[in-house]
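Here it is, the structure, as structure tokens.
Per-chain numbering from 1; labels A, B, C and D assigned in written order.
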Amino acid sequence: MINQPQFYRQPEIPGTFSRWVKSFNKNKLAVSALIVLLVIILIAIFAPWIAPYDPTAQFEELSSPPYWYDSGNSKYILGTDDLGRDLFSRLVYGARLSLKLATIVVLISATIGILLGCMTALTNIWIDNIILRLTDLILALPSLLLAIVIVALIGPGLPNAIYAVAIVLIPHFVLVSRNAIKHELNKDYVTATILDGANKSRLFTHSILPNILPSLIVQLTLAFSTAILEISALGFLGLGAQPPHPEWGTILSESYVYITIAPWTVTLPGLAIFFTLLSINLVGDGLRDAMDLEK
Amino acid sequence: MIINLFNLRLMRLLKWIIISVLLAGCNFHETKSVKDNVLVYCSEGSPETFNPQLSTSNTTFDASSRPIYNRLIEFKPESTTIQPSLATNWEVSKDGKSYTFNLRKGVRFHSSHYFQPEREFNADDVIFSFERQKNNDHPFHNISSLKFGYFDSMGLDKLINRIEKLDDYTVRFILNRAESPFLSALAMDFASILSAEYGEHLLAAQTPEFIDVHPVGTGPFQLDRYQPDAFIRYKANPDYWEGKQLLAHVIFAITPEPSLRFARMLAGDCDIMAKPLPIHIKAAQKHDNIQVISQPGLNIAYLAMNTQKPPFNNQLVRVAINHAINKNSIIKAVYRETATKAKSPVPPNMWSYDQSLIDYQYNPELAKELLLEAGFSSGFKMNIVTTNAQRSYNPNAKKMAELIQQDLKKVNIQVNITSFEFGKFLSYTSNGLHQSALAGWVSDNGDPDNFFSTLLSCNATHSGTNAAFWCDHSFSELTAEARSKSKLNERLIIYKTLQKTFKEAAPWVPIAHATQHFIVNSRIKNFKIASNGGAFFTNVYLDNSNKKSHNGD
Amino acid sequence: MHLLRLENLSVTYHSNNGDFPIIERLSLKMDMGEILGIVGESGSGKSILALAIMGLLSPKMSMRADYINLDGQDLMKMSHAQRAAYVASKAAIIFQEPQASLNPCYSVSSQLDETIILHQGGNNKLRKSRAINLLESVGVTQPETVLKMYPHQLSGGMNQRVAIAIALSCKPRLLIADEPTTALDVTIQSQIIDLLVDLSKAEDVGLMLITHDFALLSENTDRVGVIYSGQLMEHAATENILSCPHHPYTKALLDSIPQLGDRHIKGSRMFALEGNIPAIDQLPVGCRLGPRCPQAEKLCVKNQKLKTIENYGKVRCHVAIAHSPTQPKDKTS
Amino acid sequence: MTKIILRQLIIMLLSLITLTIFTFSLTRFFPVDSSITGNANVDNAAHLFFHYFDYLKLIVSGDWGYSRINGSDVLKDFLLYFPATIELSFAALIISISIGLPLGVFAARHKNMWQDKLIVSTTLVGYSMPIFWWGMLLVLLFSLTLSLTPVASRIGFEYDILPVTGFMLIDTLISNKPYAVEAFFDALHHLILPAIVLGTIPLAIFTRVTRASMIEALSSDYIRTAKAKGLATSRIIWVHALRNAMIPIITIIGLQISVLITGTLITEIIFSWPGVGKWLLEAVYRRDLVTIHGGLLAIASTVIFINMLIEITTYLINPRLRLQK
């Protein structure tokens, strides 16, 4: 600015990351959801210190309602289930279990999915086509159905449920990373980098990766909530975690029998799943908006 | 070409459709006249077949033998006393080897769109029904993939020498040896009488397998329509020999999920609910229009330890497990006090029960010492196999397994629970693949032999009903001896000895004898429970005088 | 009699961070059949002015005015619905992107027909012949074929002709053309402008031609308004402005037109203003042009008023007024 | 037009072939039934290829094997249970579209106002709802506490309705029983709650998508043109904006088929609804691999078929694609 008078100030242009943070912070709903999510994560981490009892320990009081009921017992804040296990402790340990399982699932599927996605995007058109066809097919199928079939084939139980959900989530990562990379590859700046003589790995780490990161982050949160939902759905259907594991879906399926007699054993675990999912989805939505991504 | 679906008029139409649907949902609570002579029974599962010869499951009997068929002689409801049915009277020879039955005249088989009988019931039908099960060359012997469970396991193929038709209305059974429970056996469900004429008809049509699918019997109801896993419809048999039933229809609403069954009961969708959970019994007492009908069951729920597999080949370990399990807490949590604690293989209301038998007391410390003695100072890992199906002797085997898991943890035994669907559970355990299993038994004929030889004899290890695979030859011989005696006293003495032997060997942890319950709408009158826990719809009627509104209290 | 008179029109943008003025106290006059050019950079608010007159502002904006007199009626005194109906019958607008401003899901005939039903009605046959006439009048050579087509099947110029036809179908007294040629090829541009000017003259329709391109205005308009950052900077007869621009901004705009052929002085550089038009949340104090103005001085920090210069027009710049150039020509309105 | 349909048919065929290769390899890894897979121990690739063709022949001829549990024909079973699932899904779809569409339009028109914010946050709640819990909650509230709706199944057991079409609402009406109309309303009454449960997540998604694409449509130039023409607001919204917004919405409706099928698996279990989902899950519990194989194949083919229909519909309603040069 050659002749700009000093009394006029120049606007600042913030960096990408701080712009995301600023934009995310503006979304009050997303910020409060993030806080809730952090609380849930803390509960999961510190479960042994937070839970008053062992999640499988059985007490004398069977199906004791939460303490705010007239017949409630203050020893058990959220009451006990039909075997006299403290529901609060079970839910707290359930948070630990659910988050742990979801993390494992997402790690497995993200690693495999992103690797496959990069491979397909950066290699020849035939492999790309084949993998694309396959992921399209799998994506068209209902993921829970596929997970159920996989569990049915390899047998019910926690490890198998994890594999099933992870397998089901892989195509999402393949597709998202592949599309994001392809999209970036077509842009002029990448051509410019290639013309500048960058090799493939440098091109990938310095030019492409930073630009596909937003899509991957959003896909990660999405996968995380899907993983929690499907693991608990499998648990509910009796195909995932088996009792006495305090998995939320498993607790729900166990207590469905008592819906008429002890409704809190149905409402509370569901509420836990619901709030976790809601906060993850809100955070994901906030991230998507902040990073200005389209669906 | 453009389908302009989205104009205003269509939107308005859509709005009206929604409103009318919602209204339809709301204003539909007037009492239903259709229900006035229809009984809806919420049953616990689909029958495997409509032929009781091919089953050992009460679910199948409820749906087949009791409504559709009759037997020569039958148990009175609520008891194990025998009464005439298709046979009006009978005679037993002095050597106990020959049974002669005089048959009822004027009994007609069901007439339906798939079969119209041309003659009445006679001796040929009796012979047909038993020959099918006994004779390997009978054209109907091999048509089903299912086995003649009771006939074979009770050894009737070896027991019955031949069946003679003396005339159209007289039949004689000749046995190879004297056997006192034989008469009870003939009153059991598998001894139902099928139509020989229908059999010929099906053979001619080359569809013999229909005999088990489209049943023709003489019973009070005939099959109307069946949709697997959904419902069974029966209609009253207009020609029933005792007179047409007051109920026009009986409908089985197949509802395996017990809480759903109870919810349907509360909503008035069901008139009778099978196998309520113990908690439902407590909850049902709060409602005026429903009542609980119960009867002590002739059953046992037990933990069978596979004595062929370590560590349960060691008697000390088995006793230790007996000491380690807290039956009281199981009866409290699983049965909600609707069962009695078990110590013998037979239930207390069975005539051979030994009151004086001493049970192993709950004592984890003693259990630990016994384990130490047996060489398991640091405990061991074991597997319990259960079923996720609800059984009349065990409302929730998975829960029971979890409780046992907790108890055994206290004596350093790590328990792993595997739960199977019931059919899978049976095949798994009868092949002896399990280390231990939560099994159970319901008496079929009120005879203690049904427990001792079926569950604990060496023969039963082959047929798979001996879930502990415990084979004590002297024990087995004694059960055979008791069977051949006709005097009750002599048998009683043997059974008491057997119970003591059983207790010492401890192949099981006997856990509980469950009380049988049905929850019944108060408009149902004259509903009775069979001694084996099944439901009787014969002579049931409805009292609609105080019609309650559909949405109840 | 004036076709359009605005007095103190202000448009405010309501955002989460507060309210910002987009147009400030703008006054304008247009005669019947007059061609008025509105010129300014992108973001100056000239399109908003058009939308405000048509009543098409987004819900995030609100407008105030002492009065907006369109063909003898004050729009500000009407209810919302009345106003919409009245404006639609008196004025029409065409936009920058001809393809985007037509609904991609409907054929030309249905979009044209819709307005004909609204304003003239008549039976199917009558309406069709009217549509064909309209298309012919905007220079479409095969109106029958074009009627059956969808916007994406037509070229940009053709779409703009269709848009003009639709605009004309309500027989407007005022036609606002908001950058009607920016998105078009250069060869098509002049065709469209000529068409608009011819139509305006033939049917005595007032034409408000909004553009950022002074070159377009110079030959076709009667008068020109220069807008910068929501304010009218200069408003005068076209020849006056061309011959003797007062406002530094107008000068800068005129200087930035590349001269071709004879008019091009060899070796001269094209003039360009430094910087950008200020963002609405970062308006400078005083004169809006201040930070970019080559003639800025300390007094510019004070608010500038639009003042009339005899025999010339109106100018908002105290420097320009103080150093008012020599005799302007005679003609003023 | 015929070209497009042909193209879509070829795409569908390719997807179906991919699917059968997938299911065929499943039967290889997990021997399902020798009648379907042939001899299980073949290592020769050429043999494998021929076996695949034998398998394909069986599948095409409708011989999908027999259930291991009750010996019934798997394809016949599927067709028996399928109408119940269709009826439920269709009802759910109608509910979610007929509420979601107007709601999304309403939210878009009140963009960023409190009505919009309320709707958007409600849809987020609906979107995050674990359907099995939601089903239980509604049963607890409407059936058990308020006694407004029946607990389970398709119709009251007292009504004897012969399955002619398999669609209960139709079968009741064409039945010659004296209580046909009464039975129809009873069936409708049974349908409401499960349909609401099943429709909740699609409803949330439709509302969001409708809102987003309506906002986009409403901010476009042609809407400004339409307003300038002086068209009535209702015409602008429902004719001009919605018509354009429908294009992405139809695509999303297609994607919801997957969500609906996932939902039916769980809804049918909760409401004891005799449909494909319940049938398949029973098979899973019994490890009836033949039925599982058939169920997967049938459901996946259905999804592929519906996707094709949706693709064709998008072509039909989008002139830009339909009239490509």
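Methods note: a contact is a pair of C-beta atoms (placed from the backbone, for glycine too) under 8 Å apart; a residue touches a chain by one contact, two chains touch by 3 or more.
If you're wondering where the values come from, they're calculated on a predicted model, not measured in any experiment.
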Comparing A-B with C-D, the one with more C-beta contacts is C-D
In terms of CA centroids, furthest away from subunit D sits chain C
Using C-alpha atoms only, the most centrally placed chain is D
Distance between the CA centroids of subunit C and subunit D (whole Å) is 52
Here the gap between subunit B and subunit C, centre to centre from mean Cα coordinates and rounded to Å, is 89
Averaging C-alpha coordinates per chain, one finds the centres of subunit A and subunit B separated by a number of Å equal to 47
Touching two or more other chains in subunit A are residues 238, 256, 259-260
Touching at least 2 other chains, the residues of subunit C are none
Subunit D residues touching 2+ other chains are 139, 144, 243, 285, 287, 317, 319
Listed in rising order, subunit B residues that touch subunit A in their complex are 257-259, 262-263, 266, 277, 279-280, 282-283, 329, 332-333, 388, 396, 398-399, 402-403, 405-406, 417, 419
In the complex, subunit D touches subunit B at residues 69-72, 95, 98-99, 102, 139, 143-144, 147-153, 156-160, 162-163, 179, 182, 185-186, 188-189, 192, 234, 238-239, 242-243, 246, 272, 274, 278-279, 282, 285-287, 316-317, 319
Subunit D residues touching subunit A in their complex are 14-15, 18-19, 22, 26, 29-30, 121, 124-125, 127-134, 136-137, 139-140, 144, 212, 258-259, 261-262, 265-266, 269, 280-281, 283-285, 287, 289, 292, 296, 299-300, 303-304, 307
Touching subunit C in the complex, subunit D uses residues 111, 219-222, 224-231, 240, 243-244, 317-320, 323, 325
In the complex, subunit C touches subunit D at residues 51, 54, 56, 58-59, 84-85, 87-89, 92-93, 95, 97, 100-107, 114-115, 118-119, 150, 152-153, 163, 166-167, 170
